Every structure is written in structure tokens, then in C-alpha cells.
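Next come two complexes, and both contain subunit A; in the first it sits with subunit B, in the second with subunit C.
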Partner chain A sequence: MRIRLRAKKVNRSVWGNIAVFTMLALTAAFMGLPLLFVISNAFKPLNEFYLYPPRFFPQNWTLTNFKNLFIQLSNSWVPITRYLFNTVFITIVGTTAHVFFASLAAYALAKHNFPGKKIIFTSIVMSLMFTSNTLGIAQYIILSKLGLIDSQFSIIALNIGAALGLFLMKQFMEGVPDSLLESARMDGASELRVFWQIAMPSVKPATLTLIILQVQGLWYNTGSSFLYSEQLKTLPVALSQIMQGGIAFGGMGAAAMLIIISVPILVFVINQANVVRTFTTSGIKE
Partner chain B sequence: MASSINAGVNLANTAKPRFTFREKLSWTWASMKENKLSYLFVAPYYLLFFTFTILPVIISMLLSFTYYNILEMPKFTGWENYINLFTEDDVFLIAVRNTFVFAFVTGPLSYFMCLIFAWFINELSPKIRAVLTLIFYAPSISGSAYMIWAIAFSGDSNGYVNGFLMRNGFISEPITWFQNPKYMLGIIMAVQLWLSLGAGFLSMIAGLQSIDDTYYEAAAVDGIKNRFQELWYVTLPMMRPQLMFAAVMQIAASFAAGDICAQLAGFPSVDYAAHTVVLHMQDYGNIRFEMGYASAIATILFLSMLLTNKVVQNLLRKVGE
Partner chain C sequence: MRRFSLSLEQRRGIKGYAFISPFLIGFVMFFLYPFIHSVILSFHTVDIQRESGYGLIWEGLENYRYMFRVDPDYNRHLVASIQNMFLNVPIILIFSFFAATLLNQKFRGRTLARAILFLPVIISSGVVMRFQDDPNALRSLLEAGLSVDPSTGAQTGLRSFELSLLLNQMLPPEMTPYVSYITGAVDRIYDLVNASGVQILVFLAALQSIPPSMFEASYIEGATGWENFWKITFPMISSWFLVNTVYSIVDTFTAYSNPMMIKLQRVGLEQQQYGRASAMAWVYFAIIMLLMGIILKLMSKRVFYYE
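What follows is the complex of A and B.
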């Protein structure tokens, strides 16, 4: 039996709450600037775009930028839906595979005991502190030996083995009570089942956060030096080509920018709203 | 498990204090066979991680002892790259100084920002929380949004900051913010702080949501009086794993600053006042194609981050005591 006290929180004073809200509101005004900037730019007419001194908000809001963008895109040599499909494919497959395999490994590293687990985990955390600049050449050579250059699986394979997701999931898996897992094992659940049906739901806030980070990383992925064929290139590449088209394309670029960041933002808002209490410990005596 | 403990006791009694390597190996092997499933769980992820991260890191470290210009085979040169870095390369020493100033100011500050804002935001209802988190995270999600600070701090009288200062009579001449070594690094550090509510911040929010309310209720019964005591004695010890995660993230972000400096202050910056170790590495790796030298820089940066991380993780163990 749990009694919900959260509606009236313990240990909170009214003045403290007022101070917290004031501080949050002030900082939020500052942090929200880039979003406002991207939005207002997308609706700016071209003649206001290069006004000097620059203006933050447009005087005449317009949809011309979006119209021009769609006309431009429909004239493109490779259909824009191709780029869109590539990005959606990389994002969905990459995110799903990484979340599953990183969580599975994180579960074993956090909740099993086996020789070498310390070295494995330490090597992953340490790798986060090696700046990636000098790794590119070796990665390219390895990918080409595996025959993955100019294939979307190069991006996906690199992404599955990313260190950040495993580290995040392992830290949260540690908080899952052993008693909870043990009682499931007593009931005869297989280890894979314990992982999927007990451990994963308990770390839902972490999974949702990891999905946000993954979608963000993959959605903006340009395929860097691993993708060459025009048919394989991603949406950010197609749109940045438009943005580099020159001054006349400034407005379209801003519209493209707004469209491209709206997907990660949508995923972010949906996931964040679902990052809510998980109650793993309810009814369990440690 | 029990049998190996017994074996240990027996061996200790028979005046044979050490286990031979062969014995240890056979126990480890037995234990590995017993835990086949664990390896199976870790394998798919770790194989890819090893192939695309560990292997390249090892290759990069080996290259740091060579002269390698990508076109020809690497030539072994011993410690030469490292010796040159510290004895011949004045710009590297400037970069080291800037990077350390940058890391030791923005690292801790950004870490506390993550914690404090996550803690405040956690008090709100899920919907408001999602919106506020988005606003706070906005600088990280909107790509190169920090370029609006290049407009704000533009060096002529039309830049927002110069315009404001001149209208109100603080200055009579516009200040060239990103060309003046006096202001450059300071402004870039401020922009970095503005950008710093990233993965660490999100993990803290998720971590706070994973703490069960019953702990707070129990703490209130035990005599915790205000929100600060609650934070120190209940919340922080409960979210130690997230604190450690965020620490690694902020260390990596603050030591690896580079692009932001180049974008705002130009590359190279005036008097190298905003030159960082990562920029120095990119200079040699991407422009001069001296990969051996660049790898030596990467290795030194790696070692300083490891050392910092060690110190920080030890401090974090004391939280809540």
C-alpha cells in the first residue's frame, strides 16, 4: 500500500518555490533564444533577411520561404523523398539497434558477475575521453576492410557500438533492485525475459532519454566520409546544399532548418513528457 | 562460488600462500564458462564497440610514436612527437593553458548548472517539465544555434551588445569582442556554459524521476527539514550513478572545446587567445596531415581527461556523507 504524498510535497516552503520559479523563468528566456531565432527566421521575407542592423523578429511574417523550398526540392535530381527515406531509415534502425544492444550489454554489466566485466566497462567509459578527431582514418580503414564503405550500415554499425548509450544505461541499471530480478528468476523467467520485462521497464526514463539522444544524433547525421553515392546521402546533406546555394537561398535555408529540427524536437517533447516516476521499489523490502 | 571459497581456505592451511597462475587461469575459465550467457549479452555491443572505438584508439596511440602523413607508411620516431610538443611548440603550450582555463571554469560550473536546473525542473508536473526541459535543452538541439552570439557580440556598433552599451553611454567606441584577446576566451566560455545543458542534464532529470517518493517521505519522518538537506542526504546519494555519468560528459565536453572557438573567434584566433588543444590537433591532423603529431596531442589530452576524471570520481564518492 502506497500513499501518494507527491501532490503535497514534503519539505517545500512557499518562498522557496517562488524563488525557484523566478530563476527558472529568467533562465528559460535566455536559453530559448535559438529556437525563437530559427522560427522567426523561417518566416522572414527575403528583403528583411539581410537588414542591417539585423532584426530578431520579422515585420511581415510570410510563408514564401517554405513555398520556395518545396519548389526547389521538387526540381532536385534525386527526389527529396529519397534523402528523407535514407535519414528515416538510419534513424529508426540505428536507434532501435543501439538501444537494444547497449541496454542488453548494460544489463549484464550492471547485474551479472563475470570475469572481465570491470575491464569491459572501464574501457567503455575511458573511450568517452578520447577525442574522436584522430580516429577517423582507422575507422575508415576498418569499414572498408569490412566492405561497409558507401553503405548505410557503416553509420548504423558505428552507432550501435557508441559508448555513451551503454554508459547511460549501465548507470541506471545499477539502480534496479536485485530482489526484483531475483523474484522474477524464482518464478522461472529466463534471463532474457528478466532483462526485457523487468529491468527495461524499470529504467524507462533512461531508455526514453537515450532515444532522444540517438534520434538527435542520427537525424542530423551527414554520413560524413562514409557515404558517397548521391542515392545514399541524407536529408541534412541535401538541405545544406540548398543553404549553401547563396544569398537568394537564405530564406529557404531558414525554412529547411526549421523543418529539419522539428523532428528531433517532436521526439524530445513526447519522450520527456513520458519520463515519469517508475516505482520500481514499491512493495519491495531490500 | 562456495567450492572456490573452500578451496582457498584449504590451500591457505597447507602453507601454500599463493595460487599458481595455472590455477587462477583454470578458475577464471570455469567461471567464464559458467557465465556464458553474460558474455552473450555483452558480445554484440562490445564487438562493434571494440572494432570501431578501441581498435582505432590503439592505432592512434601507436601512430603517436611515428611520423605519418597519410600518403606514406608511418615512420617510427620514438618519443620525438611528445618531446617536440613540450620543447619546440610554443603554440601548443598556449593551447594547453587556454584549454585548462576553459576546462576548469566551464567544467565545474556547467556541472552544477545541470544539477541545479534538473533539480528545479523536477518539481514541476510532467507536461510543464517537458516544455521547460526543451527550452533549456534548446541550445543543444538546434545545431549551430550558438552562432547567434556571433551576431550579438559582433564587433561593430550594430552588434546587439555594442549597440546596447553605446546607447547607454558605457562605451563610446564599439568593442571588437572576438578580436580582442582580453574578451575572447571569456565570451566563448559563457557561450559554452549556455550550451552545457546536454546529455548530462537529461540523465540527471531521468535520474531524479527514478527515485521513489517513499524515500522522501521516510526522510521527512527521520527529521530532514528543508529541500537542501533533502538534496544532500537523500537525492544526491540516490542518484550517484547519474552524477558520475554527467561528470564524464562535462569533462569530455569542456576539455574537447574546439569548434565553438574556431566558429566564434576565427581560426587561428588573434594571438592564439582562443586556441585550444583540440584546435591544435585539428590543425596538424586535418590541415597539415601530420597524423603522428596529431595523435600525440590526442593522447596527451586523453591522459589529462583521465586524471581529472579520477579526481572527480573520488570526490563524488563523498557525496551525502
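What follows is the complex of A and C.
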């Protein structure tokens, strides 16, 4: 590892660095624009909000939007902390359950042989392609038979069997060397332990990626057709109600949006900072 | 006789079933069964009653006949979706691979750069998307903002109109279709870049699982970065092109902005023609499956697997 880094420094020219940096800076600027716009809107006073042509930076920075937002929210029938709790609950439990069960299934599909394995995998991949709106009716019927309608577990249950996570994890699990797993088994590790202590750490980049995708999906979940009680609804629902309040609520909406997108961004940054190379092949001589 | 003893392989197989079952239960209940249920729906008219839930009226192939023969938009949307897929997926793949390679380099602020490149995925979902429908919102601003000078309101950006004129003057006329492909990509760059976030992450994770000893060995042998890229990095992650192709195809076909999805949403949820929407979705699905099968077959021949 160290040798490689040193060699790289010698090989890559200053101009190469500049080229890479410019490329990235350009793309980053392009993608950063919407965020910049969200941030600046959140700090704009209302009279600047609908200016045309729109400005990227407010002339008078203000915190009124945030203040109004909190006043508005503290007056609502269901306290904001309740919405926040609902969303956090769904996100944490849903992500954990999906990542664990999908990885477990992926491990079995990648490293075990059993009849019907191929059919199972094919049907899971096929289901990736099917559109969610036509599944709605049957999903609703099953959930209501299970008595999960109007419960947060409806969202979590629906999420466990989602195909994308399994698909991703399976591809990464394939790359874990069999000899590594075999040596753990020979040392007497149970199958569950092999999975948890050998296979999972080897696919850490994939797990972290999956966590990002899951948090991102669940954090924005509105639970639209499954949650009816106001006290069970999620943060995005509460915030979009504010945004629908009309022009006068535009500034508050922007402040709310800034707050809500900051969590997935934070999760992403923390996760990506923790992605390290995994040395699955170290110590194996074949 | 050892009637009840199983071989090691079989015992492991049983554990395999045990491992897969929690996921599988969720999958069968909420995806596979609804999936089959929608086939049944597609041959019926779904009649929604207030007290007893819903009833089914047998229609045979009527729903299928309707969508091809009567519905004014279906065929058009179908062709457009397939065209879009063929146009967009290669660009998405190339861009995301390129971005992932750059982001995999070690430099200061790497995490920040990654976060910014992933922003579109975070921003373009959920609530924010709804906000974008606003006339004054993000997206229209962004699209306009790139070419409108904020202080004067004049068009200043290089839009593809100028680009295509420029390129068409420089190149012989038989190149025109290629030029319009490229300039079209410039026009859709916001969507394309938006659609690449997940693929970049997958490529990044894949790049990080290449054993570093390979690079080490090749550097010792005196290979350059360029050679390393084509002879180690590229083959080692070629199988991930497959994964990302699958993801990109699925993503372009099932994105909320896809006209076909909007159509399905309208027929199914707003007009409450569930049977008809199911039939439409099934034909759509079958076509995606077929295309995907062909593409994967062609690609998997060229993919290199490291053992």
C-alpha cells in the first residue's frame, strides 16, 4: 500500500493533478448549485423570495424563516418531535432490518448451494424491474390482513424484501474468497459467525453504500397509503404540508427543506469517510 | 442405513435456506405475490366497492387490446421510453465510471467531493422533488440558471444549439446523427448526472475492493498509471458494469419522470382502472425484461471474472 502511494506521487504530474481537480471542481460546481440555492433560499427574507430573475445570494441574510418555522410547528396539533421520532424510527429500524436480512440472504445466495437458488435469484432480479404502482393493491391487502395498516411496521415490513439491496450485496459477496470462509469454518466458527465476522467485514464498502441508499429512501418516506393517523405520519409529510401553505410559506418551506436534506447528506458524509479498503485477499496463498 | 444423515453440502444448503428465509418471506409477501396478483388483475376490470373491498369482472384480453389499439399514448410512450434508455444508459455508465475513478484518487477534500457528486440523488427525491414542481423552484431555475445571467437575464450559457451549429460546421454532414446524440446529451445533462449518483457509489465500492497488492506488483514491474487503469482497474471492475447496467436500465424505465410511469400512475391511481394499468405495466415489464436479457447476454461475454 505504502509503496503504491509513493510510486503514484512520482508518476502523476502536476498537470495531471490540475486536470483532475478542474474536472471535479466543474462537475461539483454544477451539482452543488441546487444545494446552494436551497441554502440561500432558506436565509432569504420573503420579499426577495420571488424576485425575477432569481438571485443566488440573498441581499439581506435573515433567520426569520427558521424562526417562523419553529413557531408554526410548536403550534401544531401533533408536536414536531413526534413526526421526527416517526421518521427516525422508520429509518433506523428499516435500514437495520433490511441491511441485515438482505446481506444474510445475499451471503446464502452467493456462498451456499441449494436447490432452487437460481430461481430465487432470478425472480428477485426480475422484481427490480416491476413498477411499484401496480403492486400497490396486493401489498395493501396483505398488510391489512396482517393488521399492519396504520402502523409504522407496514413501511418496515415492505422494505425488508426490497430487491435492490440483495442484488447489490450478492454481487459483492461473490467477491469474498471461498478459502477465507473455509478456513474460518475449519477453525470451528458457526455459519452465522462466518457470515458476521468474516463475510460482512469484507464487504464493508458495499454495506456502507447500501446504508446510504436505505437511509435516503426511508428518510423521505411519506408512508402515503399506509399511515392514516396524524400522530403516525412522518416528517416529510409535515414539512410538505407547510410548503403547500402557499406563497407566504415559501421561506418556511425552504428552511424546512434545508433541515430535512441535511440528514441524508450527513449520513452520506460520515459513511463515505469510513469507507476503507478491505483486504480480503491478504494472507491467502493459492 | 444412514437414512437421516445428510452430506456436508446438504447441511450447508439447509443453512442457506435458513439464512435466506427472512428476506424471502418479505419478498414473496410484498413483491412476488403482488406481482402475480397483478397478472390476474390485468385480465379483469377492477370494480371498487365501498363495503366489500373490490370485485373482479373478467375481461379476457380486452385490456391488452385497449392499450395497443385504443389508447392514444401507450405506443408512443413505449417507443420513447426504449429510445431514451438506449440514449441515456451508455452516457450514464461512462460518466459514473469516470467520476468514480476520479473520486477514488487520494486528495484533500475527497469526502466533500463525493458528497457533492451524490447530492443530486439526495436532492432529487421525495419532498424536494415535489418542491421542484413549483414554478419558481429549484429545477426550472437550475435549467434556466445555467444559461441566464442573473443580473441581466440575458442568455449567456453555451446551450447545445450553438454547440450543434459549431460541430456541424466543423464536421462532414454524415456525422450529423452523432453530433445530435452528443448535443442531446448536453441538453439532458442535468438528468443524466442526476441519474448517476448510485452508479458512482457502486463503482466506488467496487474500486475499493480491488486488492491493492495487484497495483503494488505492477508498479514494481514498472507499469504506468495508464497501463494500470486499463489492465487492472478496468478488467477488475468490468463485472460491475453489468450490475450498473441493470441498475441504470431499471432506473431509467421506472423513474417517476418517465412518461410511461406517469401514464401508469394516471390510469391506475387517478382513473382507478387498475386492470388496465396492470396490463400496461405487464407489457412494459415484459419488454424491459427482454431488452435487459439481450443486453446482459451480450455484455456478460466480455466481462472478466477474477478468481
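Criterion: the second predicted complex is superposed on the first by the 267 of 286 C-alpha atoms of A that agree within 3 Å, B and C clash if a C-alpha of one lies under 4 Å from a C-alpha of the other, contacts with A are read in each partner's own complex, and residues count from 1 in each chain.
We take it that contacts are C-beta pairs under 8 Å (C-beta built on N, C-alpha and C of every residue); 3 or more make two chains touch, one makes a residue touch a chain.
Predicted model only: the values in this text are computed from it and were never measured.
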| item | value |
| --- | --- |
| Three-chain arrangement built on subunit A, subunit B and subunit C clash or fit | clash |
| First (subunit B), second (subunit C), both or neither touched by A:L63 | neither |
| First (subunit B), second (subunit C), both or neither touched by A:I71 | neither |
| Partner chain(s) touched by A:M126 [first = subunit B, second = subunit C, both, neither] | both |
| Touched partner set for A:Q171, first subunit B, second subunit C, both or neither | both |
| Which of subunit B and subunit C A:F195 touches, first, second, both or neither | both |
| Shared contact residues on subunit A - subunit B and subunit C | 4-5, 11-12, 17, 20, 23-24, 27-28, 30-35, 37-38, 53-54, 101-102, 104-105, 107-109, 112-115, 117, 120, 123-131, 133-135, 137-139, 142, 157-158, 160-164, 166-168, 171-172, 175, 191, 195, 203, 205-206, 208-209, 212-213, 216, 220, 257, 261, 264-265, 268-269, 272-273, 275-282 |
| Subunit A residues within the subunit C interface of the complex | 1, 3-5, 7-8, 11-12, 17, 20-21, 23-24, 27-28, 30-35, 37-38, 49-50, 53-56, 101-102, 104-105, 107-109, 112-115, 117, 120, 123-139, 141-142, 157-158, 160-164, 166-168, 171-172, 175, 191, 195, 203, 205-206, 208-209, 212-213, 216-217, 219-222, 236, 239-240, 243, 250, 253, 257, 260-261, 264-265, 268-269, 272-273, 275-282 |
| In the complex with subunit A, residue positions of subunit C that touch it | 9, 12-17, 19-20, 22-35, 37-38, 41, 46, 53-54, 99, 102-103, 105-107, 111-123, 125-128, 130-131, 136, 138-139, 141-142, 145, 148, 150-151, 153, 189, 193, 198, 201-202, 204-205, 208-209, 211-213, 215-216, 219-220, 224-225, 239-240, 243, 246-247, 249-250, 253-254, 261, 264-265, 268-269, 274, 277-278, 281-282, 284-285, 288-289, 292 |
| Residues of subunit A touching subunit B in the complex | 2, 4-6, 9-13, 16-17, 20, 23-24, 27-28, 30-35, 37-38, 52-54, 101-102, 104-105, 107-109, 112-117, 120, 123-131, 133-135, 137-139, 142, 157-158, 160-164, 166-168, 170-172, 174-175, 191, 195, 203, 205-206, 208-209, 212-213, 216, 220, 257, 261, 264-265, 268-269, 272-282 |
| Residue ranges of subunit B in contact with subunit A within the complex | 28, 31-32, 35, 37-39, 41-42, 44-57, 59-60, 63, 70, 117, 120-121, 123, 126-127, 129-139, 141-143, 145-146, 148, 151, 158, 163, 194, 197, 199, 202-203, 205-207, 209-210, 212-214, 216-217, 219-220, 224-227, 229-230, 238, 241-242, 244-245, 248-249, 251-252, 255-256, 278, 281-282, 285-286, 291, 294-295, 298, 301-302, 305-306, 309 |
